[in-house]
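Both of the next two complexes hold chain A, though its partner changes from chain B to chain C.
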Partner chain A sequence: MQEKAEIRSKYWLAVFLVAAYTIPFAVGIYTENVFFDLQWLADLTTVILNGIMQGGVYAMFAVGLTLIFGVMRIINVAHGELVMLGAYLTWMFFFYVGVDPLLALFITLPIAFIIGLLIQKLLLNAVVGGPELTPLLITFGMGLTIIHIVEAIFTTDYRTIPYAPDAFQLTETIAVSRSKIISFVMAAFISITVFIFLKIHRIGKAIRATAQNADVAMVCGINIFHIYMITSGLAAALAVAGGALVSIQFGFNPETGVLYTLQAFAIIVLGGRGHYIGALIGGVMLAVIESLISFMIPNGTAMVEIASYGMMVFVLLIRPRGLMGPKEN
Partner chain B sequence: MADMEIALDIQHLKKYFGGIKAVDGCTFQVPRGQISGLIGPNGAGKTTTFNLLTGVLEADSGEVIYNGENIVGLKPYEIFNRGISRTFQITRIYREMTVFENMLSASSMKMPVREARERAEQLMEFVTLTKLRGEYGGNLSYGQQKLLEFARALMTDPDLILLDEPAAGVNRTLLNNLLDHIHHLQEEQGKTILIVEHDMNVIMNHCEKVFVLDYGVKIAEGLPEDIQTNEDVIEAYFGHR
Partner chain C sequence: MAQNEHLRNFGMLAILIIILCALPSNINLYQRSVIMFTMMYVVLSLSWNIISGYTGYVSFGHVMFYGIGAYATGILVVDYGWHWIPTLFVGVFVSFVVSLIIGFPVLRLKGPYFAIAMLGAAEGTRVVATVWEDLTHGGEGIGLPNIENSFETYFAMLVVMLVTIIVSYWVGHSRFGIRLNAIREDEIAAESLGINSTFYKLFAFALSAIFPAAAGGIQAYKVLYIDPETEFFILVTIYMKLFAMFGGKGTVIGPILGTFVLYIVQEITWVKFPTAHLIAFGVFIVLVARFMPRGLMGFAIDKGWARKGMVH
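Presenting the complex of A and B:
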């Protein structure tokens, strides 16, 4: 019976995803935004490539959220604010010290790791394993605090970092912006490094063991409180790295973190809560659909948030474990 | 019993869950270098006692002296690092990690990586799981999971091993295999082993000493043959005659 429900939910999810990817095309045809010529196909290819590049970055910061959820069952609604903080840290090092945004990662990532450790030590350790609402409210409050502090220092003005704005010409008609390619390569490098760390390194194995069963991990000699702190540090570092990589592509202000939180949630719901590879796949899928919406639907850029909300709501309704998440007990 | 022979000295251990007295002032001494059994009817407090000894639950009061130190209040990983390791009544392996990864997960952070890998290889060989080293824990049969959990408990070469119902759900051949391993550990390596078990054949034929709990209190202890004829034990299991 359960197996049948499992198979049914998988099929429904497949149907939903096909429908979700078809809708922008259907609306595009209806509004005459789709042209069946080579130039349009080249533009479409560019848009999809951009989406994939963007998805790599989304996936990387969503992995941080999924790690925290997987290991501690904590929903960190301030994750997007850490992404935003990463963008501001990068901006500060770029404008005030003149450090290249990518080189700044060598400074910002250790800072982020320490911020993550402190958040865990001071705020979250006391509530791990308790009711889910408590950490949710704590991180919500923390997110608001970060927004207000950043607003007080930097105002609500949008900031940008001019970095590799030129396009890389793949063919005569297909071009991808250099900053997107650089961001994607960096995000892929960081994501793969973290994946290998989790798979091979002793601490990575301990993180995975704790995620699977914290009680057993403890009787196997793993100090789960250290693991919680390392996980939080790692998640904060991934968020800040994500912030650095989006800061060289888009403008940002203190409020943009909310959108990143939403995107990260949509990604981990789609990929499967607590699942690393699922988050990577979910990130790319979400970014591609966002790109298709903004490309084919009139005024689509303003509607991309619908993709995140819609994805999250429908996947939760159809198949709460997403593409690759563990079965619900 | 001379002090030197005691591996674990449990004194007046108590754990209440609301009004339920799961363990109620339990006192007994586990002899060093022997296989001992902890038995009792369902709900007697055996698994709770194991959980208290390994720090999974925190005792309300009482002491557990191990190597001269009271280990009550220590975290499970601190107790593990002091040389006490355990298995569970229902196997708790990491289902989404391979057999080899399951083994490595129980190696102390202080153990050099190469040494941990060699130890894991030896133990997989010991419990005949080498061929399944790359298999995910969740794909193993229940018996194989029991063996894996047993081997994992030996990763840091503990002095005291607590086995919670090793015979449950295991076929006779595998059980005999497991019991051979347990005897090997005790006879060749001088390990202390405490077994919670419902299978009386295992307790009577393989344990040198047996402790009996009922309603969280130790009601008897002694040699297996004495326990079999003990009036209090018979009453606990079968009620008044």
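Presenting the complex of A and C:
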């Protein structure tokens, strides 16, 4: 019985994903935005390529969220605010000191690690394993504080970092913006580094052990509160790195963080909560759907946000495990 | 529950009503507006309390129903020339229907997933209000005719607040409320005792959706201009949550007390420190959630100033 429901939910998820990818095309055909000539196909390829590049960055900060969730069963609603904070840190170093946004990572990542460590130490360590909603409210209040501190310092104006704005011509008609390629490569590099760290380093192994079973990890001599702090620092560093890579592509203001939280959450729900590879796949899938929507639906850029909400709610309803998450117990 | 305790609670309510009825003719327009908005937040935090305090499904997107009510009033008054009072009922009805449509799937989610799904639903409604330009005038918003009388809106809000308090009180003291509490404590155990949890959750959700719509409608008529950014502003949800939590969620007196204390504090502070007060609010949410999860009422009960029965 259980097995059957399991398999059925898998099929329903597949149906939902096919529908999610088909709807933009259907609306595009209905509103006569789809032409099926060579030029249009080239544009479509461009859009999908850009979406994949975008997805790498989404995936990177979603990995931070999924890491925290996997280890501590906490949903950090302030994750998007950390992304936004990362964008502002990078902007500050770029604008006031003149550091290249990618070189600035060497300074911002340690700062982010310490911020994450402190948040965990001061606020979250005491509530891990308690009622699920307390950490949610705490991180929510934290996010609000971060937004308004940033707003008090930098005002609500949109900021941008002019960085590699030109496009890279793959063929005569297909082009990908250079800043997107750079951030995709950086995101891939950072994600792979984190995976390798989790796989082979002693601390990485301890983190995975804590995620599997905190009590047994504790019995084996792992100080789980140290592991929580390191995890939180790592997640904050991933978020801030995501912010740095976002900042060279888009404008940002203090309020943009909420959207990143929702996107990251939609990604980890789709990929499977606590599953790292799932987060990567989910990130790319969400970004491709978003770019298809903004390409084919008129007034679509305003509707991009709906993609992540819809994705999140439907996947939670159809198959809470997501694509490759562990079984619910 | 002793009979005289009901009498005492209604006595307290009657004193509150008499004070609020006597106030408006003795104070100036600004103070009248502040009191009106305080009453509005009493309505909002009490409604939030029905689904989140009694039933334990913490909603991060209740501003959605408030925005729907505001838009119903705005559209009907401006585009269809209605009088503003009947539009409140339309807003309530629309909000009721929307709450059933959204609640049926979303209430299957538990704990944090419900919270985030509601956050998503509210943001989604905001996007719809921005994109559906034929109905809502899109991002440019709706300007309402300036024929508002501050006494009318004041007393309308007073009536809505009264109804909300009485319904909350009824929910808190009836078998219905006890069933909601059972769902909050342990949903599976409640179901095994024969409580149809889907029905009760949906009913509680619909109850908590209709009052914000009425409050939103009155507010739209009062402030004369609505747009998606202000009517679906996440800060409104934050306020209702914080007020209810500060007072003590799951109680009737808690949200009322919390709103009267905190809203007036924030009104005073925001005049003096326009940005710092939001930072302080964020810190305050963290502190309340971390150190005082049961709010002022929980504190009062621990001290023995209030009977435990008043919580439920």
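Simple rule for what comes next: the second predicted complex is superposed on the first by the 329 of 329 C-alpha atoms of A that agree within 3 Å, B and C clash if a C-alpha of one lies under 4 Å from a C-alpha of the other, contacts with A are read in each partner's own complex, and residues count from 1 in each chain.
Please note the rule applied: a residue touches a chain if its C-beta (ideal position, glycine included) is under 8 Å from a C-beta of that chain, and two chains touch if they have at least 3 such contacts.
Here the structure is a predicted model, which means the values were calculated and not measured.
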_Touch count on chain A, higher of chain B and chain C_ = C
*Kindly classify A:A87 by the partners it touches after superposition: chain B alone (first), chain C alone (second), both, or neither?*
neither
*Considering only the touch criterion stated at the top, classify A:A241 as touching first (chain B), second (chain C), both, or neither.*
neither
_Just checking: does A:N213 make contact with chain B only, chain C only, both, or neither of them? Give me first, second, both or neither._
first
*Give one of first, second, both or neither to describe whether A:G221 is in contact with chain B, with chain C, with both, or with none.*
first
*Which partner does A:A302 reach: the first (chain B), the second (chain C), both, or neither?*
second
*Based on the superposed arrangement, let me know which partner A:I289 touches: chain B (first), chain C (second), both, or neither?*
neither
*Would you tell me the residues on chain A in contact with chain B in one complex that are also in contact with chain C in the other?*
none
*asked:* Please output the residues of chain A touching chain B within their complex, sorted ascending.
replied: 202, 205-206, 208-209, 212-213, 215-224, 326
*asked:* Show me the residue ranges of chain C that touch chain A in the complex, using the header's touch definition.
replied: 58, 60, 105-106, 108-109, 111-113, 115-117, 119-121, 123-124, 127, 130-131, 234, 238, 241, 245, 275-276, 278-279, 281-290, 293
_For a test of understanding, state which residues of chain A touch chain C in their complex under the given definition._
75, 77, 123, 126-127, 132-134, 136-138, 140-149, 151-152, 258, 262, 265, 299, 302-303, 305-306, 308-310, 312-313, 316-317, 320
*For chain B, which residues count as touching chain A in their complex?*
54-56, 75-77, 79-81, 85-86, 88, 92-97, 101, 104-109, 113, 116, 152, 155-156
